[in-house]
Structure formats: structure tokens, C-alpha cells
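The structures come next, written out as C-alpha cells.
Below, chain A partners chain B and then partners chain C, in two separate complexes.
And now, the complex of A and B:
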């Protein structure tokens, strides 16, 4: 048991190490110097071009330790990654990247949790129903449109929802986290306003991801139907309700949780882009603004942070398996 | 005393009719191919009807809603969206085919090497794939695209960025197929009769793998188009080109919906849905073709 945990943790370390190494070396292979890029942009916008730009660049290089030999930079960097220190934002200088992430992370986590739980529940129920021979025909066919939506990126679903629900029907707001002019406060009207702004982003994530759950759950349901223990339960006279939840859903849970772990990377990427579309103040909008402003430490910091979190969550999920399926005991 | 009927002539059947009949059975492949053909026709013949120059800024009056003159309207920067769709879809197809082709090629080569020779080669290729798979590829591509000089990003560099971390899928698929194929009898027979390694790979195994290679190719095209689209939506595409993702990004940064220019983001979104939808359908159909075991139960 302990050796297994150690092996998993070692593999986790390996993933984090290789991701951070890729993120360290790729920008250094390119010819773009972030500091010079930033000054070039400043002078483009303000018309002020300092004469001794090279001197400024050099002093910045010294301050950020960019004049040290590459191996020393690499070792310092790995140390920083372990302590989750991603440096300062170039664009909003005294703010560190970690502070930016900490400010925006609750929004992103909220959106992802809300959307994932919703689509997991709806998708699994629809999938199980689609394989359930006693379900009425119309109920079995409700799954079909969601399967068709699977190939469509959530951001496109978002654009269509914006057009039909936000623009044509004017039911829901077109973007932002809360209405302009409102101050964040603890009141029902503000909470309601907040919720109204979250519906479209969550919906665009949910609609596209239901299909995946439906398909795997349906496949699983069809295989489980032929199993002896289900036949036995039916002949024993158990209620359909009992068979459905205890014999059917319970057995399909483990592969579904595995699939969830594998899909996590895609889910997070989609959530980030959808946030950008709806201008929610989450990690995605911070990332898009950083890309727009050439704020390189923020881009690399956010990417690294997300990669590490996904790797950690996937490892935690693997430790959950024995709880979900007592037949596995991690030996 | 039997009456002889006309001599039985072998029926001449071309490949077309059985193919069409198969498409009737494999609906997702059929529908996907039809949509894809329409899109290809649109971007191919569209080149003759529109001026490709109109797909770039400052060539037509800006912010016109769809009309007879501009069927898809024009955007804030003065692009004719009709021309932009024709050129953008062509570029999307280019990225898809180039990135998908290179990705599949790398996957087939590595998968073959890994499965056929085994040993430490197999172990190291497999470990690299296992480490890279949980890393969200899209985000690493963001780092690569972000660290390039934005002025020098072209359609071709987009394709290369996309393919850089997208060869693991086909590698693992081809590897597992070669592993099962290697143990089949016809391979052992060929080996015993002294066929060389290369001979076995190219004459015995590869032809049997073609359906899987084709499925992997379509899957890679889908992923490449998807990834290039995401990069462009994040503002990392070649900003001047009328890629569909770029147009959506520009529309969003100009607040198209707030200003009432609804056609600007909607047109490229619908185009992208059609492209990705048709590829996904073809992919599902090919899965069914190459693996009849997962045929639908109904």
C-alpha cells in the first residue's frame, strides 16, 4: 500500500517536473525578450522612447536574475515552482502572479464545479435511462441532441447562447460577473444578479459535456443488463428503482470517475476560454488579458499552476478508487 | 429437357454503389461526409466568386448587416465576412491536413518502432507518452504560441505548434494495434519464411492497419482544427489572417453583441460548428468501420 502511494507520488513529481521544464525552456528558445517587448509596447502607446533602452533592459535582467547562467536560473526556477512562487506581473508590477491567481481562482473553481456536477448528474441519468429497457421511448431519445453537441466547443455554444438568449430574447446579461454599477455586497438582490450572470457561462459548459457522460454510461448500462446479478435481482422481484440505483449506477461509477479524471484537462481549458468570452473575472480572463499585454510571467505562471493542479487532482482521484469500488484494494 | 436460361453473367458492380449502400447503413459517416463535401465545395468554388483580398481589413465598408451585396455582412475592420469565411475555411483545412498528417505520421512511426522492437525503446516511448498525456496540451501550446513573436506567426507555424504535443494519441493507438497484429499467424509465417523486418512491417502489418491509420488521421485533423481554433480564440493566432477563431476573438474584443453587430461572431461560429461537427461524425463512422464490435445495439 505504502509503496503504491510512493509510486503514485513519484509519478506526480515526474509530471510536475516535466511540465515545468517545458515551460522553462520553450520561452528561452524563442528570440522574444519580454522586458524589451514590454518597453517597445510602452513607447508605442505613449510615444516615449528611452535612449538607453539596452541599459534598462540589462538592469531588469539583473533584477530578475536573467543574467545568470542558464543552469543556475533553472535550479532557482525549480525551487520557485516548489514554493509556488511564479514571480511578478510585468503589467501590474507590484502584484505577484500568485496574488492574481488567488484573486481570480474562486470564480473559476465555482464555474467548473457548478458546471461539472450538473453535467455529471444529468449526463449519467440520461445515459442510464437511454440504456434502461423499461424507460419510455421519448425519454430514451432525449439523450440524442446532447450526443450531437459533443463535438462542438463550449465557447461556440456560448456564442450561440449569447445570441439567442442574451441578444434576441434579452433574458440574461451579455457578460461580466455582475451588473455595472453594482457593488459586491451580501444581499439577496446582489446574489440574484450574480447568479443571473453565471447561468449562460455554466450552460455553455454543461450542454457540450453531457454527451460524453451519456455515451459511456449508456454503453456500460447495456453491458450490465446482461450480467447474471442483474437478472437475479430482477427475478428476486426487486423494484426497478432499486435495481436502477444500486445495481446499475453503482457499478458504472468507477469508469465514470476515471473518465472524469481524464477529461479534466479539457474541462479546465474550455472553462478558461468560456470565461474569456463572458468576461467573468476568473483565471481565463486574467490569462487572455496577459496574452494581450505580453505579460509573460503571468501566462507561464497560470499555465504551470493549472497543470500542477490537474496532476494533483488526478492523483487524488486514483486514491479514491478503493472507496468507490471495494473490489479494488490498491495492492 | 430443361429450358436453359440465359447464361449467368457475373454482375458488374462498381465500387460506388456498395459504398453508397454502406453509407446508408453507417449514417454518421454518410452525414459527416456530405457536410464536409459541401464545406469543401464552398471554400473551393468560393475562391472564384469572391475576391480573397476582401477577407482582409479595410477593403469594404465596415459594420454592414447581411444584405444581397454582402450575404454574411461586413465587420468592424472592413472585411467582407463572405470572403473571410471562404479564405478562413481554406486556411483551417490547411492547418488540419498539415498538422493532422504530421501528427499521424509521427504516431505511426513511433507506434511501430515501439511495438515492433519492444524492449527499452518501447518502455521509454510509453513512459514519455504517459507523462505527457495528463498535461493539458492546449495550455502548453498557449505557452509556445505566446512566446513567439506575434508578427511572425503564420498559418504554417500554427500547424506546427498544434502538432508539437499532439502525437501521443496515435502513437498509443497504433502501438496497441501492432502489438496484437504481431502475434497473428500470418506474421509468424512471414517471419519463419525469412521476410526481413521492413518487409513484414510494410507488406504484412501496414496494409492491415490502414483503417486504424485513417481513423487516427481524421481524429488528428479534428484535434488540430480544435486546438488551432482555441489558440485563435485566445488571441494567439496570426492576427491579420481571417481564421474563424481570430474573427470571433476580434468580435468579442470589440463587444460585438453589446453594439448589436450580431452577425460578426455568429457567422464564423456556425462555420466552425459545421466543420467540427462533420469531422466528429466522420470520426464516429470510421470507428464503426474499423471496429465492428462497437456497432450500435439497436
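And now, the complex of A and C:
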């Protein structure tokens, strides 16, 4: 068991190392110097170009360590990764990357992780019911509209929701994390306002993603409901819900847990789209802004942070498997 | 083991069953005119046609027949586990005085395992792979006796495991840690948890080697004696049947063509199909010769007119091709469904 944990952790380290190496080298293949780019943009905006721009660029390069040889930068970078120090944002200097992530992450986790888990639960239950011959017909068909919605991109669902529910009916706010004029505080009214702002983005994420879970779970369910142990459970005289949850759903769920780990990888893409659409201050928004501004350290930081998070979650899932399925051994 | 017997006594002495009449004289299981139909795209298939038989407590009946003759359908019909597109059209399954077919779904759920239990065909896959054996046994008891205390349930499970010669440690194990024979015995242990009056074992030894087959059959034999249940053993191994059952029923195309004692079956089979089956058994006299029954079992969708066996029958008569033979009871309670014997009844 100990050796298994060590092996898994070692593997985790390997993933983090290779991810950080790739993330380090890819942007450096570009010929763009972010510092010069930033000053060029400033001078374009202000119409003032200092004569000694090159000097300023040089001095910033020195400050950010961009003048060192590549291998030296790489070594420093690895050291920083280990200490979770991703440096300063070029665009929003002197804010550090870690600060930026820390500010935006709660929004992303609160909304997108929640929505992913919600659609996982709803989709799997609906899919399981859809394949369960003893469920009433109307309940089995509940999943159908979600399967249809699967073909609609979340952006479109979001826009439609915004237009009808937000703009025409004015039931819910159009965007932002909370109403303009409010300050974040620990109060019921603020929490309520916050929640109202999250409903539409969450819906646009959940509605489109339930269908996928429904289809995979339904396929799995059809296999499992014909298994001998489900039949034998009925021969034993177990009650319907007992057979459904303990004998049928638990076995059909096993591959879905793996799929859940993989689905977390798409959280970022969803975040960029939905957070952009609803003007939410999450990681996706920060990332897209950083990409627009060639803000390398922030891009590194966020991409690396997400890679590490997913690698960690997958490792945790791997430790979870033996608990879910005793046949998966700890050897 | 002792407590199983004690429990069985307790069960027998419960008020509902304490009438002092010798119960062994009356049939504990009475199946009457059971008919099951499958509605398929290709048409209506009668899988069980007018099946009747009865069993006394402690009796063992073996049901033999080719694949598709309706053996498993009979077992499922008795458990009321026929799934769509199949349906029980008519008939009665009377266990200890109650007709199972008349029960409400909830009453039927209660009756399963408590009155009539089923030991499944594919023991390899009949246990939930992600739950411990113990939990699966406790589940079964709890579904019927929600008020029994934890320790009573536990004792009941351990006793049941002991009576099928499994160590108590199996309680804490997962199915994949057991061998095929052990899994089958776990299924038997589950089947006898609540001392049912009738046990149906549907090919309990399929996919097991002969040594394990013997162990499993002896286990069934032993637990049956402990709880004095009527046992229905389904299979196609005549040799195995001969060693364990009292009565044999032969099925062909959804009908019981002959029901008699094992001795009668092996010494003097009446129905031409039973005769052919017995002749198929290898013996030392005609060593090296493979005996079979010519032709194939008919499809239930296109049964031959008259007697379903007539195209393969050695002693076929004209009437066999036109008229369906009725069930005839011969001397000594033998039942034969054949035109050769209808006059004698």
C-alpha cells in the first residue's frame, strides 16, 4: 500500500514536471517579447514613444530574468514551480500570478465545478432510470429533452437564456458576479444576490452537459440491468429502490467515475466561454485576458495550476477506485 | 447448524402452521395448469403449456429437458419473475396454501426467499461484485425482517454459511475472492436464509467441475433435509439427477411429458421422449456408440401440430399428428402425456 502511494505520487510528480516543461517552452517558441509588446501597446494608446524604449525593455527583461540563457530561466522556473511561485503578472504588475489565481479561483470552483458535479449527478440518475425497465415510462423519458439539448453548444444555450430569461422576462440579472454597487460581505442579502447571478451561467453549463452523462449511463445501465446479480437480487425479494441503488446503480457508476475525472479537464474551456459570456471574474476570464495581453507568467500559472489540479484529482480518484470497486486491487 | 434446525422448528410451530395434521401427507407445492406465453415479433410462443405437478415437503423433483424446453421459464414463472414480453397467462402456484399468482407485487416480494427461493443458474455472476458477501446476505434478511436485531441477522447469516460448509470468514469477503463452487454455495446459503418451503435450483452445477458439482449437490441435499423443504432441481444431466432426486419430470416444448419416480424413469420410461433420453445415456454394453435423438427440438413459434414430439417420435401414430395428447395419470401416480397411454388412464 505504501509503495503504491509512493509510486502514484512519483507518477504525479512526473506529470507535473512534464506539464510545466511543455508550458515553459511552448510560449518561448514565439518571437514576441511580451515586455516590448506591452510598451508598444502603451505608446500606441498614449501616442507617446520614449526614445530609450529599448533601455526600458532591457531593464524589465533583466528584472523578469528574461535576459538569462534559456536553460538558466528553465532551472529558475522549475524552482519557482516547486514553491508555487509563478512570479508577477506582466500586465497587472505588481500583482503576483498566485494572487490573481487566488482571487479568481473561488468563482470558477463555485460555479463551474458545482455545475459539473450537478450535471454529473442529474445526468447519471436520469440515464440510470432511462435504462431501468421497472421505472415508470414518463420518468424514463425525462432524459430525452436533455439528450436533444446536448447538440446545442453551451454558448448558444447561454445566449438564449440571457435573452429570454434575463433580457425579456427580467427574472434574473444579465451578468456580473453580483449587483453593481454591492460590496462583498457576509450577509444573507448579498448571498442571495450572488446566487441569483449564478443561476443563468450554471443553467447554461448544466443543460447542455446532462445529455452526455445520460447517454453513457444509459448504455452502461442496459448492460448491468441484465446481469445475474440484479436478477438474483430480485429473487431475494429485495425492495425496488434497494436493487436500483446498491445492485444496479453502484455497478453501472464505475466507468462514469473515470469519465468524471476526464470531464474535469473540460472545465477550463467551459469556464472561458461561460465566464466570458456572463462577465464573471473567474479563472477563465483571467486566462483569456492574459492570452490577449501576452501575459506569459499568468498563462503559465493558470495552465500549470489547472494541470496540477487535474493531475491531483485524477490521483485522488485512483485511490478512490478500490473503495468503489473491490476488484481493483491495491497491487 | 443447530440453530437453523431450531429456527426451522420455530417456523413450523408458528400459529399459522401448527395444525397437528401430518403435513408431509399434503403437497406443499401445487402447480396447476401453468401457462406462460412470450409475445415476440415473430409471433406468440407458448413456453409453458398446461404444466401441473405437486410436491410434498422434503421431496426432490428433477426437471430435465433440452435447451428451450421451458425448464427455466417454469422456474421463473413459479417465482413470478417472467419479464416482458413474457406473461403468465393462467394457472396457479400454490405454496403452503397460498396461490402466488394471486398475490400483490409487494406480497410476492415478501414471498420470495421466505416461501419460495431460487438458487440461480449462473452462480459466477449472481453475486454483486462490489458488495461484501455479508452485506448481500444481510440485505436479503432485512428485506423480509426489518425488525430483527443486528446480532440476530448476523447469527442467521453465519449459521446459513456454516450449513453450506463455508467458514464464517466468507461473511467479510467479496465475491471475487471466492471460487466458483464457493460462490454457488453462497447462493445456496442465501436461498435457505429464511427457511423457505420450496427451493428451486436452476442448473446449480452448470459450469462447475464434477468434484465441485458433487459438493454442491450434497450441500443442497443436506440443507434440504435440515429445513425439510421441497426442492426442484432443474438440469439436463440425467446422471446427476438420478443420484439426488426422488421424482423426475421430463419437459418437451413447454409441456411436462412424463412425471415419475427416478426408479421408474430409469427402469421403465413410458413416454417415447423419456425413453429416447434414457437411451442417450452411455452404458458399458454399447461402448463407443453415440446415441442421440434424431431431429432438433422444435421452435416454440412453429410447433408441429398434434403432439409436439411427433416428427421425432419412434412410435408415432396417425392421431399424434392431428390431436394434442392429454395428460394421463397411470397407476401409482405416474403422469404421461402421450396418446399411447391416454386409453389406459
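Simple rule for what comes next: the second predicted complex is superposed on the first by the 321 of 331 C-alpha atoms of A that agree within 3 Å, B and C clash if a C-alpha of one lies under 4 Å from a C-alpha of the other, contacts with A are read in each partner's own complex, and residues count from 1 in each chain.
Criterion: contacts are C-beta pairs under 8 Å (C-beta built on N, C-alpha and C of every residue); 3 or more make two chains touch, one makes a residue touch a chain.
Keep in mind that what you see is a predicted model, and the values were worked out from it rather than measured.
In the three-chain model built by superposing on chain A, chain B and chain C fit together without any clash.
Shared-chain residue A:44: touches no atom of chain B or chain C.
Of the two partner chains placed around the shared chain by superposition, chain B is the only one that A:277 touches, whereas chain C remains out of contact. Of the two partner chains placed by superposition, only chain B is touched by A:162; chain C is not.
Of the two partners chain B and chain C, more chain A residues are in touch with B. Contacts of A:55 after superposition: neither chain B nor chain C is touched.
In the overlay built on the shared chain, the residue A:7 is in contact with neither chain B nor chain C.
Seen from the Cα centre of chain A, chain B and chain C lie 80° apart once the structures are superposed, a value rounded to the nearest 10. Touch criterion met: A:247 reaches chain C, while chain B stays clear of it. By the touch criterion defined above, A:23 reaches chain B but does not reach chain C. After superposing both complexes on chain A, the closest C-alpha pair between chain B and chain C lies 13 Å apart.
No residue of chain A lies in contact with both chain B in one complex and chain C in the other. Against chain B, the residues of chain A that register as touching in their complex are 11, 14-15, 18-19, 22-23, 26-27, 29-32, 148, 150-153, 155-156, 159-160, 162-163, 166-167, 174-175, 222, 265-266, 268-269, 273, 276-277, 287-288, 291-292, 296, 299-300, 303, 306-307, 310-311, 314.
Chain B makes touch with chain A in their complex at residues 131-132, 134-140, 142-144, 146-149, 222, 226, 229-230, 233-236, 248, 252-253, 257-258, 262, 265-266, 269, 272-273, 276-277, 279-281, 297. Per the touch definition, chain C reaches chain A in the complex via residues 79, 81, 83-84, 109-114, 117-118, 120-122, 124-132, 139-140, 143-144, 174, 176, 187, 190. Across the complex, chain A meets chain C through its residues 133, 227-229, 231-239, 242, 246-247, 250-251, 254, 324-327.
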